[in-house]
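Both complexes shown next keep chain A, but they swap its partner, so chain B is in the first and chain C is in the second.
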Partner chain A sequence: MTRAGLLRAGAFIAAGIAFPLVFSAAWLVNIGVLTLMYAALAVAWNLFSGYSGYISLGQVAFFGLGAYSLGITFEHFGIGSGYNPFYALPLVGAGVALASLPVAWIALRTRHMTFAIVTLTLLFVVQQLAFNLHSITHGSSGLEVPPPTFSADTYDQPFYYAMLGIVVLGLGVCWTVLRSKLGLMLLAIREDEEKARGLGVRVTGAKLIAWWLSIWLTAMVGGVWAYYLTFIYPESSVDPLVMIGAVLMTFLGGRGTLWGPVIGALVLVPAQQYMIIHLGGSQLYLVGYAAVFMVVLLLLPRGILPSLRDLIVRLRERQRTRGRPIARQRAAT
Partner chain B sequence: MHNVVQAVILGVLIGGVYALMASGLTLVFGIMKVINVAQGALVILAAYLSYALFSHLHVDPFLSILIVTPAMFVLGVAVQLVFVRSLRGPDSQELSLLVTWALALGIEGVLSVVFKTTYRATNPSYADKTWTVFGYQLSFVRLMAFIASAVLLALLSLLLTRTKFGRAVRATVQNPTAATLLGVDANRVQTLSFGLGVSMAAAAGAVYGVIYPFNPGSHYDLISRLLSIVVLGGLGSLGGAVVAALVMGVTEAVVAVEWAPTWAAFSYFVVLIVFLLVRPQGIFGLRERTL
Partner chain C sequence: MTTLLEVDGLTKRFGGVTAVDACSFSVPTGSVTALVGPNGSGKTTAFNLITGYSRRDDGVIRFDGNSVRAPDPTRLARRGLTRTFQQARVFADLTLVENMVAALQQPWRSAFRSAVRPNERARALELLDEFGLARLAGERAGNLSYGQKKLLEFAAVLMGEPKLVLLDEPTAGVNPVLVEQIEARIRELNARGLTFLLVEHNMNLVMRLCDPVVVLDHGTKLAEGRPDEVRTDARVLDAYLGG
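Presenting the complex of A and B:
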């Protein structure tokens, strides 16, 4: 790890830990929880779709499955209250991710656009299941999670730190993956899957491992979210808006980068909350959201980080070639 | 047995309408490799337009197709020019997926503001009329909806096979570079086809409003069906979309009758997943390799 990278990670973690201690107002911490939730979802999405190039529009289905799994675990096994459910999360997430592998294997037989569509229909399938499997999910009347016994003053804080933990874990996983053979395999798949396969890359295995990691993180986020809201409904747990939000944040920050998804979430979630608070009653916020979306995609299709990196490279190049017209001309071409 | 046959009839009638919606989607994909996720929202928009025409000006919903379709054609051309064409670069396909999704959200938002989120339905005087043929119930509006869809699909197919524009479209689907070299104006074909795709959504939407109640959020249900139809049929294949739409209509109707209506939509997804297991490229699709 480079010194700058270490510094960035340290600053992020320190700022993350300090935020609810400095701004302890409940509504601010609430926005903090949501921001970190989206950041975690975006990091998880980026881990699979950003690195492998397979755009999955169904991750939020597993966010919902994570939420329901935690709720069902509560209902049928006494996992206690307080902090205990947080410790069960990695296991719940691992279970959901394992269960998703057969579906992923089928979906990954398709390519590009078809894959995006198949995963999108997966989202609707899981929502349908949540409505229909009444005996397990209680359908549209919702599944209740017993509210935790945290003190009312700092009620949001445990959830905030849980989300922060998942974001940091997710970034750690991404960092490790990017520096491992798996990361190279994924990037090779993104560039040219046929060529990668021809060169002996086990493409299916690489994709499935990345998928598993991504779903593991996503399901954990869903679990924390369910425990936070204490009520799970099919509409809100498998919400296409959450999906598109996480994807948009990754696009805004920069796909395939390490910090991009987090930056995207830090910019967009507060903006989204602002719009919901000010325009929410009239559904106008959807229009505003769509407008932000369009602007991001049309003006910054590659995302903030890659665009910034380009800018810095260009500035340096200009500095280096200052006063040397021929070299400058060469740099321009 | 009687129930099953009745369900099959119902399924075919509904499947025809879905085929019309899906035809626009698959046509646009074939030409510019763009999945228009807003197709469902555009259907709902057209349903609202037809509803407004009916409730304020008393225009018959089936006649309103003649007004709504050209209007939405213009809208589709505008959308292509403003949002879709400006996407460039290697990721333009994936970006277009998200741009049209954003468009769907925008349409949903505008409709929610203008028409509120309560369910509406276009209810002409003949809405409840049914005929009984050999003991089978035949709803008048559904039959009309099917006929209207079939006529429009036939017109679309004639346009594609018998006109110069249609030849240009088919050439672009087969090989965009070669088509351009032979003098086809690719930009013009893309823009017009996008408009054509949207107007298919428009015509189907006017019909949809008579058959089903709808609200601005209905587009999610629609687009999930439409996307699975075009994937099952094979992306870009018009015939595939029609066959898949009929398969979907019949599967849903039979499951609804024989098992439970709540599982109807789900059953179709199972068919899709199982089919993709065997044939990832869909019924008539080409294998996506070097795409």
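Presenting the complex of A and C:
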């Protein structure tokens, strides 16, 4: 890892840990939980869709499955209370991700628009299942998760740190993938999948590994969220708006980059919450939210990070060309 | 002389059009075989059928002594049969070195190893140097000229140490200096034992470089033999010049 990369990661983790200690008001920590939840979803989405180029609009189906899996595990196995359910998360996530592989294998036989639509369908299929599998999910009356036994003063903090942990884990996975052979395979697939096949790249396997990792993270986020709300029902746990939010945040920050999704979430979620507070009564906040996107897309069409990178390169270039005549003079004398 | 690739009765229909019609030919081990014919004679379709990019309706393909029942590009590449495309195809957003290393066939257990390991970089640079691209090694492939992309694509397929390379019009749209360079590379690699099958419209190049030459017309084989035999074949002249 480069020193600058290490510094960025260190600063992010330190700021993340410090935030609820400095701003301990419950409503602020609540916004923090929400921001980190979207950041984690965006990072997970980017891991599969950003690197492979396959735009999936169904990841939130597995957010919902993660939420329900945790809730159902609670109901039938009693995974304790307090911090214990958090430790069960990686296993719950792994199970959901494993179960999603056959569906992914079929969906991945399509590409581009078709893949986006097929995965979008998945979202509604899971939502309908949540409504109709009454005996498991309790349908539209919702599933109750036993409320955790945290003290009321710092109730949000464990969830905040759980979400932060998933974001950091997700970034770690992304970083590892990006600099690995798997990352190279995914980028080759994004650039030209047919060509990659002709070179002997095992495209299906590479896509399925990235998918598994992405769903694993996504389902864990769903689990934390279910435990946080202590009550889940089909509309809110498989919500197309959550999906769209995570995807747009990734586009905003910079698709296919490491930090882009986090930056997108850090900008958009607080902006959205701010507008809900100030314009919420009139539904005008949706207009404001849309306006943020329009401005960003207009000014930074490739996303914040890639546009910034371009700008830095251009500035350096200008500096170099400005320095050149002097260098030439010096060489002449 | 042994046969590396053998095609027998290969057929492909697109609706009412039979693009490749019971076509049979073979590529001897160690040869530079040419597949020529007028535009639309089925050369590229034959390439696609052999490499698994398109499914054949009929016929038998044998590669390296084994029958290939369901050709799949990935599996064939890993068995030593690889190809380039008529329009040079490279990974535009990756650097030249990354393009080269992406073409190395990796076992799953190295999936989480570093993308470009030092020995792989060395091998890539060595090959890039042979193709005169070493000084551009860190450049994005998308910034290359069309001719350079063709060279890169050619160099990359060699990373996997194939047995047979199918080149689809390696010199189309490339300046004369690069044509010479590509020809020299093919000769060198062939001298080292690599077998080639190429589709090519530059007849001078084909006559200099290739033996045997297979001529297709309307999807069927018109002639197959040494270049001088083929050149004087009345049916071939007919197909090319009309009559």
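Simple rule for what comes next: the second predicted complex is superposed on the first by the 312 of 333 C-alpha atoms of A that agree within 3 Å, B and C clash if a C-alpha of one lies under 4 Å from a C-alpha of the other, contacts with A are read in each partner's own complex, and residues count from 1 in each chain.
One rule holds for everything that comes next: contacts are C-beta pairs under 8 Å (C-beta built on N, C-alpha and C of every residue); 3 or more make two chains touch, one makes a residue touch a chain.
Because the structure is predicted, anything quoted here is derived from the model rather than measured.
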Joint occupancy of chain A by chain B and chain C, clash or fit: fit
Touched partner set for A:A188, first chain B, second chain C, both or neither: second
Winner by number of chain A residues touched, once chain B and chain C are compared: B
Touched partner set for A:I209, first chain B, second chain C, both or neither: second
Chain A as apex of chain B and chain C, Cα-centre angle in degrees (nearest 10): 80
Partner chain in contact with A:T121 - chain B first, chain C second, else both or neither: first
Which superposed partner A:G198 touches (first chain B, second chain C, both, neither): second
Which of chain B and chain C A:R179 touches, first, second, both or neither: second
Smallest distance from any CA atom of chain C to any CA atom of chain B, in Å, after fitting: 10
Touching both chain B and chain C, residues of chain A: 194
Chain A-facing residues of chain B, complex: 29, 33, 35, 83, 86-87, 89, 91, 93-95, 97-99, 101-103, 105-106, 108-110, 112-113, 117, 216, 220-221, 224, 227-228, 230-231, 235, 262-263, 265-266, 269, 272-273, 276-277, 280-282, 288-291
Complex contacts: residues of chain A adjacent to chain C: 176-177, 179-185, 187-188, 190-192, 194-203, 205-206, 209
Of chain A, residues touching chain B in the complex: 55, 57, 103, 106-107, 109-114, 116-118, 120-121, 123-125, 128-129, 131-132, 194, 240-241, 244, 247-248, 251, 282-291, 293-294, 297-298, 301
Of all residues in chain C, those that touch chain A in their complex: 51, 53, 72-74, 77-78, 82-83, 85, 89-94, 98, 101-103, 105-106, 108, 110-116, 156-157, 160
